[in-house]
Each structure stands twice: as C-alpha cells, then as structure tokens.
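So, here come the structures, one by one.
Two complexes follow with chain A in common, the first pairing it with chain B and the second with chain C.
And now, the complex of A and B:
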C-alpha cells in the first residue's frame, strides 16, 4: 500500500488503475447483468439474440414458471421443491457439522487425549482425498446402514466432508484462548461438558458465524453429493436446476432457465451480501491458517 | 473409594468418547473408503465388487482408454490455465485495489460475488452467454461486428477453454481476496525504503512483495489445485462433457463409470490415479508448511 499520501488525482497511472478496475468489474458483472435481463424478457425478444439489450417490456412470467412450473425430464414442478429440499438439507448440515467441529476443536486444544493429534493430522490429509475415491464405498456403507438415498444419508455425508475444515476452524480459534482460562475452570470443578457448553461455546460466537456462512453456502452450492446421496425425494435445488436446464426436450426457454439460475443462486448471494467481510474471513480463516 | 476411582477413570474417558465421531470419520469414512477403493482398483470388479486380485491390469486398461487419456489431457490444460489465470488476475486485482482507490467495497463485491455462486449456476450462465446462436457471438454481430465468431463451446478442440473461462470468472475473486489480505499484511516500511532508493513501484511488487507473499501464494495454489481435481459440476452444467466427450474431465469419467457404465474397477483405478496426483502436488507444500507451523498450545 502506498503511504506517501501526496498523490495528484489524474495522473496517467491513476487513470490506468481505474481503467483496469472498471474493465475488470464489467467482465465480472456482465454474466449477472445478462442473467437478470434475460430472465425478464419474453422468448420472442430473446430470439432476436441481443443479450446485452435491456428488456423492452418487463415480464415476470419466467420467474413464476421457473419457481413452480418448469419441467425436468420427470415432472413439471419448477425449482420450488428443490428449494425446500435444499433448506431441509442445509439446516441440519450446518448445525451438526458446527457442533461436531466445535467439540473436536475444544477437545483437541484443551484436553488433548493421547493420539488425538495423530487423528487430526490424518483428518487434515483426508481433506485432500478426491471425492471420487470415497464416493462408491460411502454409497455401499450407507446402503448397508439403510440410510442411502435419504435425508439422513445426505446430512451424514455433509458432516463427513465438512469435518476437516470445521475442526480446523475451531481448533485454531481455541488455540488463541489462554490455557490459564481453561485451567481455572478446571480448578473451579468444571467438567468436560460443562466447560464446553457454559464457557467455550459462548466465547465462540464469531467463529460460529464464520463457520455457519461457510457451511450454508457450501451445502447450498453442492451438486455432486446431493445428486448421489440425497435420493429422488430430496434432490437439492442445484440438481433440480441442472435437470430443468439440461434435460428439457423441445425449445429451450432461456428466460425461465436464467430465472431458475437466479433463484438457485439467491440464497448464497444473499448470505454473501449480508455477511460482507465475514464471508471473506471465513475463506481466509479456513485457508491461510491451514 | 473404589467407586470414586472408577468414576475418575470414567471421567478420564470423556475426552476420548467426545472424539468418537472424529475417529469414526477418519478411520472409516476417509481411510477405510480409500483402502476399499484401492482394493477395488486391483480387483476384477465390474457391476458388483469382484473378489479376484488382478494386479495392475485395470490401470493398464485405464491408460489405454482413449476417453481417459483425453480427460487427463483436458485436466492438464484446465489445471494449468485455470491456476495461472486465477493467480495472475487475482494478484493484479488485489494490487490495483490496494492503490487507495475509491469504491473499494463495491469493487470487492463485484469481483467476489461469483464465488458465492455454485459451479452449476456458473456453468449454466456461461453456457447461455457463449451459446453461438443467441449469445455473445450473435450479439456482437448484430452490434455491427460481422466477422466476430466465438463458437468455442461447440468446438471439440476449444470447448475446454470455455470451461476455463467460466471457472476463472467464478474463482479469481477468491484469489483477489486472499492476495489482498496478504498485501495488507506486508510492512509499509518497504514502500518508504523503495521510494528513497527511487525504485519504481512495479519492480517493488515483482521483486520484493511477491516473494514476501510466499505463504499466501502457496495457500492459493493448494486451494486452486484441489478445485481443479474436484472440477465436475461446472463441466456437467456447462457442456455435459460434450460435444461428444470433448470436455471430459477425470472426475466426470469416474462418475460415469461408477454409476452409468457400471465399471467399478476402472473407475476406482481412475480415482486412485487422481489421489496419487493430488498427493504428489500437495504433499511437498504441506510438508514445508507443517515444518514452519507451531501447533496449538505449547
């Protein structure tokens, strides 16, 4: 960062800086603009093939169709069902991984049972195992336990795949809390669970928020796990969206497709816009300290 | 007396029992499944797991498979271009944003919002934008640039580059955010020193700042590499691997052979090959970092 302070306003370098940034911003924003304008156009207008033009007449039909009537290869129910499926998957797949991650981090940071660090090390390595290595055995295991193709099945898989990063987040967070605090609580007669629930969890609000943002967006945006493990009754929104767009026969309704894409992206985009810097903190906390 | 000792012993077990989910996940879900897949990859499994050990013959068949070779070739192109483009664009964006510009907050949102979107949505949007009949190509021609052609998405030889474009759009904001955090962590004194010595800013960035950001660069590299190996959704949504199998990636090859074509052993051999690739790329970096890192409470 330049700290020399006396910087005249319109040097060529300055214009270059803004030029580059504005050009880049245009590139990054263009797909969002095209998505939105397409979703408000009629098919007649789309056939003109002017993706950069604003809609002549604003119509919300595509959004209604996308939400409740668009067809996949099987049925014509829109992405609405997928939305509620995603909600039902995302809530337990956010709460449980955070609780388990917090418990793991607490245990690893303060109690440090023998051999636990070895487990933690393997878990961190496990984060790099490609999904495809684990997916077939996991299908077989879940089938044997009778939870394959069910809500439980998909939540368990989300718990498994989020455990490395959740554990890491909380372990690092608790590593910054003084050991003396924990020892004092022990001397006051606090047991394992009491210290966790009454002392550590209340202190963990910031990292819980970070973890929740990561989990909600991650689970909501997941495609492959939902496709394989959720079962036909619980397909998440991303899978339904892909089915709507890529399995339609006949004329493709691009306005409906783009509206459906916006609807599917709305939740993580909202989370990002509302959470702002917390979102970035999540990325950096999960990545840099690892 | 005996009961209180028993209680103390039981209480000593509590931390262990609390780690049971972790232990089960590590031993069964990670190590167990990896070993299982390793076994399948050296067995005669097809639709069902087989019982006969066949050595490395599945791997030989895999590497004789044209589709797999092409998927690997695509992964190479995709990986190199995606990582290089994300790092260059992410670094440039971070450097330019770090010049005390107005509207930094708005710019950050504009660059990072694609990262909040799923790869499925990313693929679908770009499928529409790059559609030659009604997308960018047609729009440019109608705006008066008659000779403008951009039909890579239906071109067997170029389709993989369109997947790169979509993925770079999705992920370079993330690199920007990480790089910006790295830049802001650098001591401002070096700028005063450089100014005193009359060194131009671009040279300071290249020969001083960039080397100082080594840890950030390594983190970004590891993140992007894992994204490359995972790449699946974006191809499925954008091209479904097509035209034909022209934009196939190993992850898609494996999924197709696991669930569509029911060739478990071949798919598992592919999966183990991917695991090996990841380990070769990531292990040295992790080793270097673990040597520098201090773990938890001393």
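And now, the complex of A and C:
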C-alpha cells in the first residue's frame, strides 16, 4: 500500500472478482433475457430459431393473449383469473401467518410458558418433514371439516406450513430484545395483549417486512398446495400457467407461454426488486441493539 | 411512601436455590443498597420484590400489605433497569406516560405528572425525542422519570449506572442522592460497585451466595466488617489480611507473629482464646508510615494516584498495601517504619471467618 493516495483499483485479484461476478450475473440473467425477448416476438420470428436476438418488430400481442385469451383447459380466459385467485390466496396467507407467528414468537421469548421449549422443538421438527407426506392426511382432515377445496382450505394449509418458519423468525427477533424492556412494561401495568400490540408489534417492522416477503413469494410460487386444496374456482396463477403451457392444440405459442410465465412471476420479482434493501435490513436488524 | 418487609424468602430456579430463608426489613424512606459480587442473588432479590420473579417460599410485604403474589403493576413500585429498557418506538413523553395511560389516569393528571418529572430531571427539551436520539445519561434519566411519574412508594434500581462511563456515573450518582433527599421515598438499589454503595446508601446490605452477610450503615460495614468476606469486598485497595495467633499474656491478648501487637485497646465482640488462630485485617489507610513506628518494612512498589499514593510494603513474608495522603517522596527499596492503630483493625477467626 502506498503511503498517501488511494489503493490501486485494478489489481489482478480485483479484475478476477469482477470478471466472475459479471459472468455469474450474465449466466443467471440469460433465461430472463430470453423469456422477455421471446415474449415480444411474433411466432414467425421465433421460428427463425435465433433465441438470443432482439425482436425485429415489437409486438405486445402475446402479452394480451396470455393475460386474457390463452386457453387454460376448456376455458380460454388467460391467466387473468388465476392472478386474482392468487391475490385472494396470498393476502390472508401472508397477514395471518405473520400475526400468528409474531404472537408465537412473543409468547416463546417473553412469557415462556411451561413446556414452551418442548413445543417449539416439535414445531421445528415439523419444518423438516416434507410437505408432500402431509398432503393426504390434510386432505382427509379438511374434507372432514368441510373446508376442502375452498379458499379457506388453501389459506389454512398455508398457515399450517408457514408456522415453523414464521415462529422461528419472530422468536429469534424477539430474543434479541432485552428482557428488561418486557419487565418494564409489566411494571407499567401492560398485559399480554397490550404489550404485544402497543410495544412489540411496532418494534417488529423490519422482521414483519422480511416475513411478508418470504410469505408472499412462497405462497405465490406454490403450485402443489394450490392445485390440491384450492378447488376449481380458486386455482392460483401457477396452476393456470401450467394449464396454459400444457394445453396445446396445434402450434406451441412460445411467445404466449413466455408472456404468461413473466406475468406469473411478476409479483415475486417486483417484491424482490422493491424490497431487497428492506430484506437485508430486516435480516441484520436482529444484530443491532436499540 | 412505604417500607418493605421480607420474611423467610426462598427462590429456586429449577431446583437450584438462589436465595434461602432471607429476612430483610426496609425502613420507610431509607436508601437501601444491596451490594455483592455478581451471582450473589441481589438482582434476584430485587426482581422478586418487583414481582418479576416468582418466589418459592416466604412473604413479601410492601407498604404493610402482603404482595407476595401480586402483579408487578399492583405493588406500588417504580423500577429502573441497567439497560434503561425504554420503549424504542415511543417518544420520551410517551415512554414516561405509558404506565399512566395503561392505568387510565386522567389526561390532565398525566400531563401534570410528566411535566413535574421532566422538570426534576431536566428532560423538558427532550420530551418529543425518541430514545435512539438520546445519550446514555439522558436515557437513564428518562428511565428514572418513567419510574417517578408512577408516584410509587418504593423505587427499585437494578444497577442503573453500570452502562454509563465513569464521569456520567458520578454525575447521575449525585443526582440520585439529591432525588432521594428531595422525594424522601424508599429506595432499594442493587449494585456491585462499592463506591455507589458507600456514597448513596443509608444502609448497605452485603450479600454473598444468596445470603446476607451484613447490614449496616456504610461506615459500620466499612469500619467493622462482620466477617472476612465483607472486609475483603469493600475497600480499594483491599484490606490486608495477615494470619496470626492470639496469645494471652498477663491476662492481655497479644499477637506475636509476624509482628507484635498488643490487643488491649481492641473492641472484642467475642472473648479471645489463648492460641486461637486468627486473621488480622488492616485497611491500607490505617497503616501509618512514621519514623517512630514499631515495625520496619521495605517498599516494594509505589503507585502514585494523584491525591494519594499507594505503597506496597514488604515486611518479612507479609505484603501490605498502605495509603499515604501526605505529599512525601517514597522510592522503591527504601526502608520505612510503620505502625497501625489497634482500635481500627479487624480480627477474624480463621475457622469461622467471623469477626472477633
């Protein structure tokens, strides 16, 4: 290192690092690039087989078709219906698990009822059992309770499967909050709900954002649970997308398929782009003492 | 204002007894300091008074009422924690008024009490700030304010100054003492810092392993420690301990080794036995360096402290520390003579470690 002046920016190691990063970025962005360009091409242009070339004439037909006219089985209404179904599933499946997870974490970290650690251990064990194993018993259970094949049915399933991670997330976040804060609130006369609602929830904004991001993307990207539990009326977008792509009469409309895929992945993509900063901040928030 | 009475209190965590059969009576309006090394149970005791820890056995009485099983908020206490424990999402004003709002105190009354606490603690300009915008000293003042607005009979302090730097600690210590003087409330204060204990307390309770070792005014505890633990815990540099043996000569108890000391003027609590193995305790400031001293020693080390100096004396096999306040020049390896004031020494039985 030189005594005064900055360090040189172009050491071989640095060039290597940047080279590797650029290569990785290009590698992971290539599919997105191909999907986007293909979705704006006409079928005639796609048949030329130049998948890396930019579209000669920009056309939005494929997007319109994918959104409102592509056939998902018998009906030909595009992925539009699926989009709204996914929204209806994702909103309660994000809000409720966060609330329940926060409540669980709050109980486990501060009130510590007898057997709390044991319960938490069982809950964590649940996170390690593949969800496919539980589908059949859950179908039987929900059928017996009369909520199978309904919006309630799919939301309940999402709540169940999100519980271990949500609880873990909030428990660890609250574990970093000094116990004395809770004790001070107890002396001030705060009860179970007041401390939770007026004190802990307002302090939980960073971790709520992290949980929301995880839940929205997780629920939105889910296929198998939606297919099994949502019922015909509420099939989420991922299931519709699969139907669009697998329902082919004659020619495979690659541009429509690509557009439909882009539309389906738009929400998680947007969530990541908008909240990436918040996500990192939320994850590191536990390390900073207030 | 109210006193606190603790009877036969036992606290156990998972079968391990932290406090066993403890009795303590806190007089109304006094500033009681619980002092002891970490893990001695002093914080546990304080938290059990606050109702934040369940007791296994015994009774806690606050203001003449049995509060053993009462909710923390019903006990008529205010508490200040080491980590301040301010509500980070609320402003200073809302931090202080939270408890009052919870208890549905009328709005005008809340404003009055907050304004008064803010005035006492000079928090007026900070009322609209969040805790993250305050310095450590300001945060702790807000925490004190939060306890103050409750207008509780008993204030509990759990090492409130430990997170502050030395200068601020001194300032807040004085503020706390003034606060006690002005309010006259009962205060129970936990610390491991003997300076805080000595300066603040009307009475000090020295604890070790869940048991009270001695209760007394700071002067009593310092000058007449009831056992070797208390003697060693208080004072910096610590008390010098010298093993010796009492001999009764012509009806008078004396020490012969390592140096001769007549104990005729010592205020014995227990009658000494001939041949009893004892430990002689000498506070560094009770050793005076004087040319006509009875004993001779060699200076091993001199530690200048500004307004005083600490000499480390080697007298035979015994190493003693002595505090000298006069501006005299001492150098290492110098030979000096010294004497001790027999009225101010302490004697402990070597077996029981209790004061004689």
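One rule holds in what follows: the second predicted complex is superposed on the first by the 259 of 290 C-alpha atoms of A that agree within 3 Å, B and C clash if a C-alpha of one lies under 4 Å from a C-alpha of the other, contacts with A are read in each partner's own complex, and residues count from 1 in each chain.
Heads up, the rule we're going with is that a residue touches a chain if its C-beta (ideal position, glycine included) is under 8 Å from a C-beta of that chain, and two chains touch if they have at least 3 such contacts.
If you're wondering where the values come from, they're calculated on a predicted model, not measured in any experiment.
Engineer: Between chain B (first) and chain C (second), which, if any, makes contact with A:71: first, second, both or neither?
Structural biologist: Neither partner.
Engineer: Which partner chains sit in contact with A:202 here, chain B, chain C, both or neither? Use first/second/both/neither.
Structural biologist: The answer is second: A:202 touches chain C but not chain B.
Engineer: First (chain B), second (chain C), both or neither: which does A:194 touch?
Structural biologist: It touches chain C, and chain B stays clear.
Engineer: Just to be sure I read the superposition right, which of the two partners does A:151 touch: chain B = first, chain C = second, or both, or neither?
Structural biologist: In the superposed model, A:151 contacts neither chain B nor chain C.
Engineer: If you count the residues of chain A that each partner touches, which comes out higher, chain B or chain C?
Structural biologist: With both complexes superposed on chain A, more residues of chain A are touched by B.
Engineer: Once the structures are superposed on A, label A:186 by its partner contacts, choosing first (chain B), second (chain C), both or neither.
Structural biologist: A:186: touches chain C, not chain B.
Engineer: Check the residue A:246 against both partner chains and state whether it touches chain B (first), chain C (second), both, or neither.
Structural biologist: Touch status of A:246: first partner only.
Engineer: If I apply the document's touch criterion, which positions on chain A are contacted by chain B in one structure and by chain C in the other?
Structural biologist: Looking at chain A, the two contact sets intersect at 290.
Engineer: Show which residues of chain B lie in contact with chain A when the two form their complex.
Structural biologist: Interface residues on chain B, with respect to chain A: 11, 14-16, 18-19, 21-23, 25-26, 28-34, 36-37, 40, 49, 89, 92-93, 96-101, 107, 109-121, 124-129, 133-136, 138-139, 142-143, 169, 173-174, 177-178, 181, 183-184, 188, 191-192, 195, 201, 215-216, 219-220, 223, 226, 229-230, 232-233, 236-237, 240, 250-251, 254-255, 258-259, 264, 267-268, 270-272, 274-275, 278-279, 282, 286, 295-297.
Engineer: Using the touch rule from the top, collect the residues of chain C that touch chain A in their complex.
Structural biologist: 47, 50-52, 71-73, 77-79, 81-83, 85-89, 98-99, 102-103, 131-132, 143, 146, 150, 158
Engineer: Which residues of chain A touch chain C once you look at their complex with the stated criterion?
Structural biologist: Within the complex, chain A contacts chain C at residues 178, 180-181, 183-190, 194, 198-199, 202-203, 290.
Engineer: Show which residues of chain A lie in contact with chain B when the two form their complex.
Structural biologist: 1-4, 7, 17-18, 20-21, 24-25, 27-32, 34-35, 38, 46-52, 100, 103-104, 107-113, 116-117, 119-120, 122-123, 125-126, 128-138, 140-141, 159-160, 163, 167, 171, 175, 179, 191-193, 217, 220-224, 228, 238, 241-242, 245-246, 254, 257-258, 261, 264-265, 268-269, 271-273, 279-280, 283-284, 287-288, 290
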